[in-house]
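Okay, handing you the structure first.
Think of it as A, B and C in the order they're written, each chain with its own count starting at 1.
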Amino acid sequence: MLDNFNHLVLPNINLLLRGLSVTAYVCFFAFLLAIALGLVACLVRLYVPFIRVVAIGYIEFCRATPIFVQLLWVNYVWPELFGFPKTVVGAGIIALALQSSGYLAETFRSGIEGLSKGQRDAGLAVGMTNLQIMRRIVMPQVVLVMAPSIVNQMTVVIKSSTLVSVIAIPDLMYEALKLVNTWFEPIEILTSTALMYIVAIFLISILAKRVSDHFRSKFGLAGLV
Amino acid sequence: MKRMAAIVRVVELRKSFGPLEVLRGITFDVREGSVLTIIGASGSGKSTLLRCLNYLEQPTSGEVYLDGKPIGFRIEADGRRAPDTAANISRMRAELGMVFQQFNLWPHMTVLENVIEAPIRVKRLARKEAVDLGRRFLSKVNLLDKENEYPARLSGGQQQRVAIARALAMQPKVMLFDEATSALDPELTGEVLEVMRALAKEGTTMLVVTHEMGFAREVSDRAIFLHNGQIEEDGPPARVFSAPTSERCRQFLSKVLH
Amino acid sequence: MLGSLRESLDLTLFWEYRAILLRGLLENVYIFLGGAMLAMILAFAIGVARLSRRWTVRVLSTGYAELFRNTPEYVLLIWVYYVLPVIFSRLLATRFNFSPYAAAILALGASYSGFMSETVRAGILSVPREHTEAAMSLGMSKWMIMRRIIAPQAIRRMLPEALNQFVSLFKATTFVSLIAVEDLMYKVSMITVHEMRPLPLYTGAALVYCAIIVAAAQLIQHLSDRWRRRGWA
């Protein structure tokens, strides 16, 4: 088995690493976009009465639709419907971002709603405006309290990203499956691939735990994982 | 030398939460440099009264004036009242310092950052100036050595003293204390009362809602007993605490003093 | 764009194929039920093992939970479908194959047992130690205490979270089509190839899943609220 590992995985490690870098690229931009969309959806839901319904619909749709279905939907339907995304990578990023933005919007919301009223009162009492309070007092605390769940959401993005190989994005899973189809030796390649994902995700969850413990001791903020 | 001008004037203040009328026509003045304590059972409307003064609660009707200027509304040219702009309300709030029962320090900022936040953001002081100012008030509450700690590392009494410094750093015309020692363990109330006593001695104008009757009697120039949203007893502390005319006030005092 | 919008919302094509699609959806439900059953059984075993007094048992079961929690479901699915049969074949020295269904149920069951063992563990830990002590002082055996005192309380407490896990599990059944289980998404892609009209088909599939899961989530919310009101959860 080790022998197989030597002549199957090692010679192709560059290919797998290139796939891993595509996975990282897709996940990174999907996550950035998810944070932006999630923040907008959350703020609209909380503070813009007229289009609150739209935000709620958006959040519920994103959360309730399975990622695989969303991925194919964005890939096949959006280009005809909206004229974008033009590439499969774009479709992958958008689909992953949609999925996570729904969860992040709810995470942000529970962070904002969980903040004690006194925090805002103290800002008002010294004459700060609502915008200043949002920027200087509410948001920083939401980020601190929610940091662990935000980081955890990143592991969800990575897990879901394994599916983008289906729309021919050359990510780690795609390269691995291609190798399997070339050599018909699934054990070593797929096991190594699985381990790469597991290690990446495990490291991120440890990071989330560390962050949570650190913030709890430094700021007395209980992280909600 | 105390001036006799009324710095805070409250006229016929009313506040309802839905069908529940919490304040039912409150009228009083506070002279500059004097200490007014407000006592009463829980639910009598003391905290709501303070929160109406700096417009954290919007009064249902009635008027509050700070140094002659109305808070929360302005008189239009045709004599009608109109709600004031948010910016003006913020500006008026900055002139009333408030200390909360739950401290409400911002946990993500250090002690010093808590104190200089408003001077920098609201008063637009330069950072260096604000830091000097902040340190001055932190040393006043004896916490200069904790300036780089986060609130989570401080005791309740220390947190409340930081909160007092934070309010003082805006150099407000009046300080409002909303049960500042009620959330503290008994052994920690002393250090906070000490600071408040010192402020009173310096001639800070203070409105104090408190359950510490001994302290109220000692430092205040005048005491008000609230019952069911109305002023039941009003006078110098010696009289309010020793010889109240209202039966309810007498009952309340005998309950809390024994 | 307006034309395509109308087309994508015109679900008559989706409706035409309803019989085939519904059969596909039933496959999702079967896989879900199989996976959920397996996940529950494993989760209970692992959850209890993680609280064992023996450290070897604790380490092994925690390792199991961490392994499956951190493995992407799709990777596990592919691994179980392609790798596991090869390993078995070599070990048993015969040809061994999984049907796609078996692989799907095994992979999803194992994957979610990792998440759910955490729920089980938290549920058991939420029962105050004093309840066990009270039962012991009445002379109840360990097994009896688990069955009569701890389990009933723990299960109530873990129900809302477990139901949410089931919803995730159901969502994960959508990609078993990738190992040729003929589920709803499989049928959708087949029909798409045939009709060359992806818009209404994929939109329809998205809406169907969305509706099912929103309904399930609402039901769970409703049930959890009711249980909480009764002081259950």
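Everything that follows uses one rule, which is that a contact is a pair of C-beta atoms (placed from the backbone, for glycine too) under 8 Å apart; a residue touches a chain by one contact, two chains touch by 3 or more.
What you are looking at is a predicted structure, and each value in this text was computed from that prediction instead of being measured.
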Chain occupying the middle, per Cα centroid: A
Pair joined by more contacting C-beta pairs (A-C or A-B): A-C
Distance from chain C to chain B - Cα centre to Cα centre, in angstrom: 56
Inter-chain centre distance, chain A versus chain C - centres from mean C-alpha coordinates, in Å: 21
Centroid spacing, where centroids are CA-atom means, of chain A and chain B in whole angstrom: 46
Touch list for chain C against partner chain A, complex: 1, 4-5, 8, 66-67, 70-76, 78-79, 82-83, 86-87, 171-172, 174-175, 178, 185, 188-189, 192, 198-199, 202-203, 205-206, 209-210, 213-214, 217
Complex contacts: residues of chain A adjacent to chain B: 116, 118-119, 121-122, 124-130, 132, 136-137, 140-141, 144, 217-221
For the chain A and chain C complex, residues of the former touching the latter: 60-61, 63-70, 72-73, 76-77, 80-83, 155, 158-160, 162-163, 166, 173, 177, 180, 186-187, 190-191, 193-194, 197-198, 201-202, 205
In the complex, chain B residues that touch chain A: 54, 56, 86-87, 90-98, 100, 102-108, 117-118, 121-122, 150-152, 163, 166-167, 170
